[in-house]
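Heads up, there are several structures right after this.
Heads up, the next two complexes both have chain A, just with different partners, chain B and then chain C.
Right, the complex of A and B next:
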């Protein structure tokens, strides 16, 4: 597809997404759709490192949790003292005016995102020096350590969690509000990542994925690029986390904020399912995964998590290319790649020999 | 940190912590040795390692609930896990042996989640343990107590360790495994069926974990979702000790056990798991700092 046609498609998709809440049949499912945007954000932000840069992180959930807690803490401390809030939260939730609520949410998400970027930069300078599997397992430890730390820290509610303020009635229903919030976040994240991948930055992180030592030798400041990539990923994840805390209202340290075994795993699975290292892969993967998960949840009640574990094994072992990756291998021309048939035949026969 | 004063005023407590830590650490050594084996022979980092430990614990617990003494669980759990390990190799692992390391990490991660959820469905999410019925030994005027079951567990680990060393030195299969670890291609050319060697290695690793799990359920507690902590402990021990050196693995495992006991006492038991995972990050970073000195790249 050529430039203008592609642009028209993007615009049409975004407009369609913005119109969904106006369709009466779909209105009861708006929260579901909001979750879908969250899933897409998960997969896209994971793919920055995991797909495009070849650094498979199990610990990106840290930024999600940091953003969530930072937002909730800002919302709490802006208008209440901790004691007041604890009393209010004990009975019913804190009630705010729309302006107060939006200010708190905006400031909270902003500071959460900043904090996440700082953390990514500080941790990244050390952890991103690790290669391959050491990085993967180190980040796995990081995610769980963060959850354990949050469970023990009284200021943020420790193990009993934190309650976020309720959405004021004047701002309408929860459904449309969070639907649009996450939709806007997802669209911005997609646009930013598309722009980044198209430029020098994208080439640099792809070079790191393909051969980091060679990239280093060619004078690429690999650690710098890696850290920036992690900051970008952390920035959007923290924004997502901040809004997500307000969507689910109750923040549990290990089941919601630093939910490694669920969200942390899902983001990897979704990106791989859709095709890691591609622009649309994470989006498609997240959509397919979200639908599959709902089906599992409905028909396999009690066994849905077992089925998810099985799904990870099957996808990783039998379908590591992912949906978009597979399409790309099947019809390379459609993806703007020039195919030299002769060289391809040689390559295929070489692959067969291996 | 209030507990630090207790330690300073009554140093005998540190003896207690040290003994407990070393005895617990010996159990970690079993799972860690299995992980080093897999890593060295098959170049796979097995994230589901800890879940085999927990599964071994549940096998023992099932025996215990049927009225059999849990010590019989050690060989039974090892046998059951050997079969489970063989089955998992035949179903999944042989497809990922030669592929990208990350694919095997993710695949075993999926197996880990699968096993966790299966155990949760079958045995319930409660914390459980098996009572061995053995008593305590009192030392230093009863100031230090050592439960006999921990000593028995230590003895079991020593026996298994010696058996392993003999197995690798003397038996044909042990020699084949070592040969494959050195150079799989050359081993294949010498007529070794490396696929069988891999299956054997994976099953042997699972059996080691199963035996460790049987010891864990007697000396400590099990729960479907704490397997990952054992994986991380094994990984840490192997990173510190290196591959293929059983003495170093044991030393690192004992050290980790002791460090954990002290950390749990000083920071509070609720931070023990957090300590394990935090320590992992620190160890990897420090290791990387040492490596960096030798690496000449752009900063």
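Right, the complex of A and C next:
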């Protein structure tokens, strides 16, 4: 497809997504759709390192949890003391005006994202020197450690968790509010990643994936690129986490914030299912995953996890490259891999090259 | 001609194996210098020592007066001293143009250049160099889908894209068919003459290296056996013995 055609498709998709809440039949499912955008954000942010750079990270959930806690803490401390808040946390009296709510949410998400970037930069400069399996195992430890730390820290509610402020009535229903919030986040993240992948950053992390020693030998600042990649990933995950805490209202340290066994694993699965290292793979993978998961949950209740596991086995065995990767293998010409015999350049100038 | 690359008494051992024993040689600026020797004589190890793949036990390596033995590979590459590999190394899942684009010099990678899109002149240069090695028609193919010989040519083009001052080539003609080899010799000579790149070449193909190099060093068993002009080397009794196994 040519440039303008592609652009038109992107615009049409975004407009369609913005119109969904206006369709009466779909209105009861808006929270489900909001979860879908969250899943897409999970898969896209994981793919920056896991797919495009070839560094399997099992610790990205840390940024999600950090963003979530940071947002909730900012929302709380802006308008309450810890004691006040603890007293109202059980009930629903923590009522904020719309302006207060939005200020808290915005400042909270912003500081959460900033904190995640700092953590990614500090951790990254330490452990991104590790390669392959060693990096994967190290990040696995990070996620578990973060959950344990959060469970033991009273200031953020420790093991009994933290409740976020309720959405004020003036801002409408939860459904449309969070639907649009996550849709906007997902669209921005997609656009930013698309732009980054098209430039020097994208090729550099691809080169690191294909042969890091060769990249080194060409003088690439590999550690710099790797750290920035993790910061980008952490930035969007923290924003997602901050909003997600407000969507589910209750933050449990290990089941919601640092939920390695569920969200942490799903983000890997969704990216692989759709085709890791591709722009659209994570989006498609997350969509397929979320829909099948809901179907299994509805029609195969009690066996939903088994069905999900079987689906993953089938995908890994028969489509190891994921959906988009499989399509690309099948029809490489459609992805621009063509021999261009006709186009011989007339004359190459070699002077003044250096 | 002044020496651009100087290797002085470099020794490198792996356990009990002495891969390089007090090797000294120098590569004059603008020249094409050959390095030959039987398999296992320490040629590639010497290359690895020069570009900082591993620390050396003793000795010194100087490039344009800068001591290299304490620097790491990427830093040495950014000084303009680059190497290619015997086992070709390219970025397999990326297409040829992308392979070329990312091989641009990384001397001044600021945050802004990291996040930028490639300016047209870089893409233009990438495509010109692909044409230079005869790969322009295949520029949209993934590098892993090219034949081995074509991958070697791509790697050579990537090295040129990096605008090196000196290029170390590890067996550039291994695995390339005889008709292509002539083209490659021609391109190596042109890279030397037109781009002014100093070449230091490991080669097993005697016809190629005698044709290409102005001066040849011969290693055997980790030691410098002989050096001289191609004619002198060809008629050197010790070199012939080393290759035939009398050494």
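Annotations for the structure displayed:
The rule is simple: the second predicted complex is superposed on the first by the 327 of 354 C-alpha atoms of A that agree within 3 Å, B and C clash if a C-alpha of one lies under 4 Å from a C-alpha of the other, contacts with A are read in each partner's own complex, and residues count from 1 in each chain.
The working rule: contacts are C-beta pairs under 8 Å (C-beta built on N, C-alpha and C of every residue); 3 or more make two chains touch, one makes a residue touch a chain.
What you see is a predicted model, and the numbers here were worked out from it, not measured in a lab.
Contacts of A:312 after superposition on the shared chain: chain B is touched, whereas chain C is not.
In the superposition on chain A, contact of A:261 is made with chain B only, not with chain C.
Look at A:114: by the touch rule set out above, it reaches neither chain B nor chain C.
When the shared chain is aligned, no partner comes close enough to touch A:248: not chain B, not chain C.
Once the two complexes are laid over each other on the shared chain, residue contacts for A:31 go to neither chain B nor chain C. In the superposition on chain A, A:340 makes contact with chain C only, not with chain B. Shared-chain residue A:142: touches chain B; no touch with chain C. When the two structures are aligned on the shared chain, A:132 is found in touch with chain B, with no touch to chain C. Shared-chain residue A:225: touches chain C; no touch with chain B. Once both structures are placed on chain A, chain A residues 216, 219-222 are touched by chain B and, in the other complex, by chain C. Contact residues on chain A toward chain B in their complex (touch as defined above): 56, 58, 126-127, 129-130, 132-134, 136-138, 140-142, 144-145, 148-149, 151-152, 216, 219-223, 261, 265, 268, 272, 302-303, 305-306, 308-313, 316-318, 320.
Note for the complex: chain B touches chain A at residues 45, 47, 92, 95-96, 101-103, 105-107, 109-118, 120-121, 225, 228, 232, 235, 239, 268, 270-271, 273-274, 277-278, 280-281, 284-285, 287-288, 292, 297-299. On the chain A side of its complex with chain C, the touching residues are 196, 198-201, 203-204, 206-207, 209-211, 213-222, 224-225, 228, 277, 332, 336-341, 343-345, 348-351, 353-354. Within the complex formed with chain A, the residues of chain C that make contact are 51, 72-75, 77-78, 82-83, 85, 89-95, 98, 101-103, 105-107, 109, 111, 113-118, 125, 127-128, 131-132, 136-142, 145, 158, 162-163, 190, 194-196.
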